[in-house]
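You will see chain A twice below: alongside chain B first, and alongside chain C after that.
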Partner chain A sequence: MSRKPEDIVSAAVVKHGSGREAVMGILTDVNRELGYIPEEAIKAAAKAVDVSNAEIYSVLSFYSFFSTEPRGRNIVRLCNTISCEMNGSSDILDAIEKELDIKTGETTADGRITLETTSCIGLCDESPAMLINDTPHTRLTPEEACKILAGLE
Partner chain B sequence: MPNVSVTINGVTTSVREGVTILDSCKTAGVEIPTLCYHPDLSLAGNCRMCLVEVEGWKTLAIACVTPVTPNMVINTHSKKVRHARRTVLKLLLAAHNVNCPECERNKNCELQELAEKHNITFNEYQTSPKPSSIEEVSPGIMRDNSRCIMCTRCVRTCEELQSVAVIRPVGRSASVNISTFMDLGLNNVPCTQCGQCINRCPTGALFETSEIRQVWEAIEDPEKFVVVQTAPAIRVGIAEALGLPTDRTTGKMVAAIRGLGFDRVLDTDFTADLTIIEEGHELISRLKKVLVDGDTDTALPMTTSCSPGWIKFIEHKYPDLLPNVSSCKSPQQMFGALSKTYLAGKEGVDPSKVICVSIMPCTAKKYEKERPEMRDSGYKDVDYVLTTRELASMIQEAGIDFDNLHDEKYDRWMGDSTGAAVIFGATGGVMEAALRTAYEIVTGQEIPFEGLNIIPVRGMEGIKDAAITMPDKMASGFEFLAGVTLKVAVVHGLANTRKLMDKVRAGEVDYHFIEIMACPGGCLGGGGQPIPTNPTVRKKRSDAIYEEDAVLHFRKSHANPEIQLLYAEFLKEPLGHKSHELLHTHYTKRD
Partner chain C sequence: MSEKRILTAAEQPEAGAALKKSLEMTKADVVFEVRESNMRGRGGAGFPTGVKWNLAGAASGANKMVICNADEGEPGTFKDKLLLEKYASKLLEGMTIGGYAIGSSQGIIYLRAEYPYLVPGIMKVREELISKNFLGEGILGTDFSFDVEIRMGAGAYVCGEETSLIESLEGKRGEPRNKPPFPVNSGYLSRPTIVNNVETFVSVPYIILNGSEWYQDLGIGSCTGTKLFSISGDVENPGVYEFQMGSTIGELLEVAGVKDVQAVQVGGASGTTISAGELDRKLSFEDLPPGGSVIVFNSSRNMMDVLENFLEFFVHESCGQCAPCREGNVRLLDTARAIRGGKITSREELKPFFMLAEVMKLGSKCGLGQTSPNCFVDIITKFIDFPDGKGGM
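== the complex of A and B ==
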């Protein structure tokens, strides 16, 4: 049983404090534990830091690693920036979308995988590359990418 | 700060060290184009319109945020500067919905004006036209982000002037938009509908929810008896909205409105006077309950209730203090309730045929009239609200030559005004009007200020206060106030209001009565007033309001002959049965 969003925020405030500089820490903790940042967590964080709900929402909307929508147990982020693109990332994306039967930004029906694209993740020398949760996978081919995804719980 | 020498376009002048390049150029009479800059707001430096060249600098300087340094050599229109500014403008225009004729701000748009000044006749960056997209609709305010240039003036207004902070940039890079929490829209977040964001938008991304069409239809419907009320601040704003200099133009305004075809032209000033009578008696009654009866349930300080932006603010932010708010409806809503009861009777018309239109300096009034509790006449008390800008638009559409009109007078029954009512339009005005009347009720004598001018509560300071000690000899029935020092405060702008209400909540202040206006400067700086509204403009409008007060025959609300008639024939007494039924209201706690 996971903790309530408000409780995660309370614990994060103990850890990070309640100044404006604590916002990123609080949001990161919520995102890590729940895989997304629900509305209740935004409200709780705004109250704790004494800023408006809109300000917290504005901050989290800037970061693609934060989401306000529930996501899958694993988040796949395929790089779509130029080096990866030149080395075939769009073919990989097509293959993954076909294999998982979802579009970019969507989650599989069983909640196993959310597929996203990301701007450069600094792995151009080993492109094409993707992140699965916090782990990088490099020098991908469509086949290999699909094989890796098949092994995810 | 010592003065330093700077050279601007070859002319050496002396300016205070630390002022910005923009301000030093302004002092030197050199104009620099700006967009994200606004004199009411903090500096953002994000639009890059004000770029200038500084000798020895590798890059251009952002004039609005760069302080001058000793012996700085500035060029404000070198080739490099002109090229950069044109590029900035073209890029802004390329990302803008350039459909000027269909825009509310056509011919009153800072972006359009700069495009004209910089002779942008061709834009190589313009690809496909950006379609209009109304993102948000609320009773008072609409937003079309296709016209937004991301200057964040609205964001800073909402946070810095109003401490409401419901709008923010959302998203990133090319997909960033000004939006609300979870993109819920202004109607579903604690927006006060004050419209200050509209007044600071350089383009047409923000505008009022218009009711011009509905008002024309009502006027043109022969079945309807259309009455119009004009708020105190309109008479000092309408000329400006028509492109004329700021002036008090009450007589011409009445003539113009009558020319539009309204059946009766009446004055919100009349119910401003009525508010003073009702609110003054409410204050005295609260003071008696606390001072004589020792009642601990009666809340003090009492605050005013005329500003609908303030009412929505307290409902969201300080619901625990709602018992402190006067139960009086705003003058607009008192007028509405009386127009379909008292006035309908006087005019001998069926109240169901009466359409009540208000001209307000305010967008929150559009929200206020939609409140479900504002139907005490048995009908919707106020049907339509037009801003000063919308009225100007109707006058222009009708081809009325405003400047050459002869002065006309308001119609009878609800058209009499006093100086006390006129100053409702300026911060401190309600307080001054209330003191002129309340003091006289309880002491039987005029308030001891020269010419009835209560100077301590006037002016643009954010929070003002005053203390008035009652004499030993009081009018019969008010002896309990003998020698009591009445402490009052006046606040305008919701950020200032928040500071004061925090102190009230903490019990740190012991005021008896507080006037609160949501907008900086009071109604004269309201969200429905002409654009631009800035410190210079607010001062001019304020001067015009106090001038009007000084020349009016009656300067105290209780001296208004039509108010006296209203009590004699209809209401009977202040805070009486009829008053409670029609003129008082209650408030709602909101999330």
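== the complex of A and C ==
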């Protein structure tokens, strides 16, 4: 049972404070726990640091890790920058899209996985690579990537 | 010049030794030593670290800040990840010495969102240093206190630019600021602030322990010390290598095991693309600005694929604040696709786009737009043949 967005913001304010500089920490905590930042959280964060809702929305829309749309329980970020690309990341993307029957940016119907591509994640020497939530997976093949995804709850 | 392991040596100086020595020196002497070493920032821009510290130390204003830029996002770069994973003790020691030198008690590591798995390790090292009194209140029996916290980014390449990074830390969109004022006078929350790269801070303890002359002798001319390089692409042994400044790109590739070279991207997507004929060029701020990324392309690679990949990256990562960068990168990507699609078939037709590249270099507000046209100019000029000759103006 996940916490309500307002409660996550309240807990984040205890941790990060209620100054403007706490905004990134608050948004990160909500985004991590819920997978996205719902409107209730935007309003609660705006109230907590005493700025307008629009100001919070402006900040969160800038960063690619933040989302205002609900996402899956697992977020897969496959690197598409050059070193991973040269070692076959687009083949892996094709395989994953086929396996999950979704396109990049979409979430599986059962809410299990959201698939995204990302700029360089600093795993170029072990490419191709992806992050699943906080965990790196490296030296992938299409088969192995699909096997890892099959094991996700 | 050759491979030389200092920061990544198997035998490391004892933790806290450089800090202890620093605290026995005056603040001015610590700044002087770093300045005399001629170390230039390891993040890519190459601003002299000691000069930055001197300005921040002399700046008026309370609650000065020490910020570590761990927003390593340049394509092909992973050397700071290695340092954060294995040498966090030296990083925190370098930041603490920086704090002592400029008169700051507060440090922040701005860590990119893609590296959350590094946080527990860094925090564990922090705890160990606190338990040894190398960090925290009244360090080593002095009245100097210093502590470091980690703050996470949220996925924005431009936040590697120091004023964008500061904006992000302040809870705002990561858009670059106008300069001046520079962060050394007015940075985080308008406080005097130094922002240095991970590798820069990690280098500091060695400079303090061994002296600025020793550090100068490691490099060549005004490019001193050793430098870490992340090598990937068509290479036998990809990974992080430490070389003396002034080594040639050829020496680096030999050690990493490269047989077939068509091109090498030095300094990441925003860096320089060199051809196989340029391998004797030196890794230094005067010749090939080193950054941290070296990507090798063998003769089977289509350099237009590379160009398109880089420009897609810049289109995605431009913050959109200034027009030359926001519009320019989109136009350059369109142009690259037009060349591939056969819609642009001569050098003559390319002229306006080379002028656009110049406008972007001159007119963009921050390093992103000032450097993103490099790949377009380099790759078109050096690798693409047109009926009226190779590309370029």
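Definition applied: the second predicted complex is superposed on the first by the 153 of 153 C-alpha atoms of A that agree within 3 Å, B and C clash if a C-alpha of one lies under 4 Å from a C-alpha of the other, contacts with A are read in each partner's own complex, and residues count from 1 in each chain.
Here, a contact is a pair of C-beta atoms (placed from the backbone, for glycine too) under 8 Å apart; a residue touches a chain by one contact, two chains touch by 3 or more.
Owing to the predicted nature of the structure, the values given are computational and were not obtained by experimental measurement.
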Exercise for the section: Considering only the touch criterion stated at the top, classify A:42 as touching first (chain B), second (chain C), both, or neither. Expected result: first
Practice task
Using the superposition on chain A described above, determine whether A:125 touches chain B (first), chain C (second), both, or neither.
Solution key: second
Handout entry: Partner chain in contact with A:107 - chain B first, chain C second, else both or neither
Key = neither
Problem - Contacts of A:68 with chain B and chain C, given as first, second, both or neither - result: first
Handout entry: Partner chain(s) touched by A:58 [first = chain B, second = chain C, both, neither]
Key = both
Handout entry: When both partners are placed on the shared chain, which of chain B and chain C touches more of chain A
Key = C
Practice task
Check whether A:83 is in contact with chain B, with chain C, with both or with neither, and answer first, second, both or neither.
Solution key: second
Exercise for the section: Jot down the residues of chain A that show up as touching in both complexes, chain B in one and chain C in the other. Expected result: 58, 62, 64
Completion exercise
Given the complex, residues on chain A that touch chain C span 19-25, 27-28, 31, 49, 58-59, 62-66, 77, 80-83, 85-86, 118-127, 131, 134-136
Practice task
Spell out the part of chain A that touches chain B in their complex, as residue ranges.
Solution key: 39, 42, 51-55, 57-58, 61-62, 64, 68
Practice task
Spell out the residues on chain B that touch chain A in their complex, using ranges where they run on.
Solution key: 159, 164-172, 179-182, 189
Handout entry: Interfacial residue positions of chain C with respect to chain A in the complex
Key = 72-78, 80-81, 112-117, 151-157, 168-175, 189, 230-234, 238-240, 265, 269, 295, 297, 301, 305-306, 309-310, 313, 316-317, 319
